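Next come two complexes built around chain A: one with chain B, the other with chain C.
What follows is the complex of A and B.
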């Protein structure tokens, strides 16, 4: 057996040009998938989008000193589900109101500012759930300075449900693309196996077991798939980083670039690369079998 | 009765006494003179009655004038008070009107503010409604939209509260305004009433002034009449004096003739002084001199009068005593003096007691010092007045200079 040629990268040695094309194609596809994967990981589907637009408003009673209101905001910000809590004084509330209803500005020249101060509480995207919102809401209502809590009880469940659906759809699309990657890979592997059937038959006549040949081909596909997925995801991450820097507004939907280097992101990318390797290997084996059986 | 008439009466009485008692020997010669004197006395009495009547009328006119002047003065004072009151009311009305204007202005401003606030509220409601219908706010930021809607509710509530506050303030001001208007109306009614009272006072004062002018005219007329009468009386006095002198002359001649018929010549009686009267003089009664002798100014009527005697105030019914020894020369009624008693003390000295109620001696009766000659009349006030006149040689002298009298 020691005199037998190595079967590693047999396809590369037998059919270099098509393999280069396929590899480039896979790389680009995996770049796209990597970009999508990272986007989904960072945004949590629609969670970040919702969390960025959702806030609990704790309307304070009239006459609450700013120092006490700010202290209360700090305490609220310390709650686990809360991402941030900021106190807005009556003047800021009045300005915000006039921005929303600019026509009312001249109507209250003499009437003064009737708006109360408030605390705007923003939830962590991953903690934007009905239970956490209710927890924070009840915590705020128990404070004597708080007159009313606006937590969107009427519309939030609907939005959360829509967010879950959107997230599922996004992941579904991602999965479909991944399945497409697999199907295309299988077809390419089969086509190459058919194209190299003569060469493989020659090797079989020389005593190379077909199983061994298939294993090495699959192993090669897995390694290349892993590497392509890793590099493609890295490239996709780079593109995402570039996009986030170019369009900061995307951060509200996807998330901050710093999240790209979070361990959970890195682990997820590694798992994705492994998955891509497995899919590549599976596509190689299935393509080999299809070529051998004469099926498409 | 005036002082002039008293003097005249005294002179007349002296003359009569002289004729009747001092010269009984020359009675026949004096009869003609006495008849003439009686006639003159009748005329004089008539004139005195007229003078007294005129003097009484004048006195009444003076009293009426004084009363009228008092009424005019009182009305003037009331008018002054009325004017002061009217001025105060006017000032009050001015102040009330000022407050009224201020309150009206405040009400107008509140009404304008109320209208503006209502308009603002309606516009805000329109804006809010339009925003509600158009689902104002960014739909991608429902929390912000929810907060803005809450703020809109706060805004509308504040506006509604502002409108309600202005409405309440306006209602309060309107209540205040109506209260002030009522006050002004009440004050104006009061002022009108007081003006009416003032007008009435003015017309009454005018009427009183007219009446006063009438009184003044009447007084002047009476004064003129009185002056004329007094002149006549003076002339009459002059006549009486002349007659008195004639009586004395006849008396002297009669004595001379009598002396020629007898061996002894009786010397003519020379006038004496009261101080030299035997036994001295005493007060006719215990009392207080209320009218002095001589020229006295009457503050009531603002006139100067000549008193020939004094008036002594004493309890009603008090006994009147002779001031010295003598003989009752006359006891009768004299107009203006009531019952008059004249005591001749000799030597041309006479004491005259007027305003007696009754005589306790008779004419021709000899009296001693302190002989009760009469009594004062009764009076509701418990006080009566005795007229006392002393004459020496046809001239009235001050009784207080020779008799100790309380003054």
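What follows is the complex of A and C.
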């Protein structure tokens, strides 16, 4: 005897073909899960969709100098929940009005431009909540130059609730697929443990403890699960990037491609890979236990 | 030295045997002959540390297999080779898989070394080029010889063979006779369990020691006083 046998990748060394098939299947599934995860992370469920279509309008009083209005817009843009705040002078407001209601030019002939200037405030997708909208609204109302704040407070809570439900449903579906990954993985591990039972019995007869076998199988499953999840998510991210470049309109729902490299996205992907590693190890151990006890 | 003290086994609601003493010295080839259903396979399991006897104990080099340190028992099992009586469970494997698995149990056998030794061992047992053959397609004799060669890959210090001589068949007896004695000469211990001992082997081994339902023969190693079977 030349020493304690190394049990790393024991399944690979005993039975390669089935393991290759399983690994390819898991990788493809994790690519899909990675694509879905990144889409959900970037979009925040329905948050970005809502934030893209929602704006607070602060109508300014007549006669507010453009410089002061722009200064006010800059101050509003500096508020934490605000993504952008842009001042539209009365002339721009009039042009927008005409684009929306063509043929109403005669209104101006009566007594000049009837449209006031205004500040359009866009919220950050992750800060589009009732509290943050109320905070921005109250901040705007306290400014003497602001005549009226249009924040849609009467219908916004319903929209936000619907958005939360949609986000929850999306994450629920993602979780269901993740659970499916675990269940299928457990069945595969069990089937492989049954198929290799003769080999494991052979090793146990020759002094290899069963616990050590189970540990190294689970450790191998964890390492491969982590690597598969990391590479699968990277591949899914690549597909998402390609989709966003091909169809720029998706940015309004999912988000800009640059968000893929945000630290929080990278951390979330790392956590996902760790979770996949844990699930893989658990599936391996449960599959091993079920195979040894003869249960399904 | 493998010693069994007052070994007893209770099986199928009755005492199969009890109070048996065995002593298998190192660097020797031993043959335990016994009638069918006398518990030969069970005896080998007990000696290998696989099955705790219902009475008595097995001591290897002064250490108890069943009452001592479990790590020592595992180390003992790791140093043993075992050729079972039949290998139906391995029918899905190829001969190459047997060697791969055996190398895995041995640990540290390099790939190139494994291939080289595999080829030589297969040739020795009369199965050259059998690496890709499926166990299910082999005859009983070929299976036994393939399993024996795979066990030898690891170079076990102690080799337990259950029905190997009978399973391998008459044409392989001379090869086995030479192999077991050569292993013993190199310092290994071989314990064979058979229903009967081939006549020529019995003549060469001389008087058997009766132990319960068994007769224990010590096969002569080359250069020993006992004669060669003709």
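The criterion applied here is as follows: the second predicted complex is superposed on the first by the 281 of 296 C-alpha atoms of A that agree within 3 Å, B and C clash if a C-alpha of one lies under 4 Å from a C-alpha of the other, contacts with A are read in each partner's own complex, and residues count from 1 in each chain.
Note that a residue touches a chain if its C-beta (ideal position, glycine included) is under 8 Å from a C-beta of that chain, and two chains touch if they have at least 3 such contacts.
Please read all numbers here as calculations on a predicted model, not as lab measurements.
Overlaying the two complexes via chain A leaves chain B and chain C side by side, clear of any clash. Of the two partner chains, chain B is the only one that A:159 touches; chain C does not reach it. Of the two partner chains, chain B is the only one that A:93 touches; chain C does not reach it.
Of the two partner chains, neither chain B nor chain C is touched by A:216. In the superposed model, A:56 lies in contact with chain B only, and not with chain C. In the superposed model, A:150 makes contact with chain B only, not with chain C. By the touch criterion stated above, A:205 is placed in contact with chain C alone, chain B being left untouched. When the shared chain is aligned, chain C comes close enough to touch A:6, but chain B does not.
Touch criterion not met for A:181: it reaches neither chain B nor chain C. Touch counts on chain A: comparing chain C and chain B, the chain ahead is B.
This overlay, made by fitting chain A, leaves chain B and chain C with a least C-alpha separation of 62 Å.
The interface of chain A with chain B does not overlap its interface with chain C at any residue. Chain A meets chain B in the complex at residues 53-57, 59, 93, 96-97, 100-101, 103-104, 107-108, 111, 114-116, 118, 148, 150, 152, 155, 159. Interface residues of chain A facing chain C in the complex, by the touch rule stated above, are 1-6, 10, 13-14, 195, 198-199, 201-203, 205-209. In the complex of the two chains, the chain B residues touching chain A come out as 117, 120, 123-124, 127-128, 131, 136-137, 140-144, 146-148, 150-152, 154-155, 157-159, 162.
The touching residues of chain C, when paired with chain A in their complex, are 48, 50, 73-80, 82, 89-90, 92-93, 97, 100-101, 104-109, 154-157.
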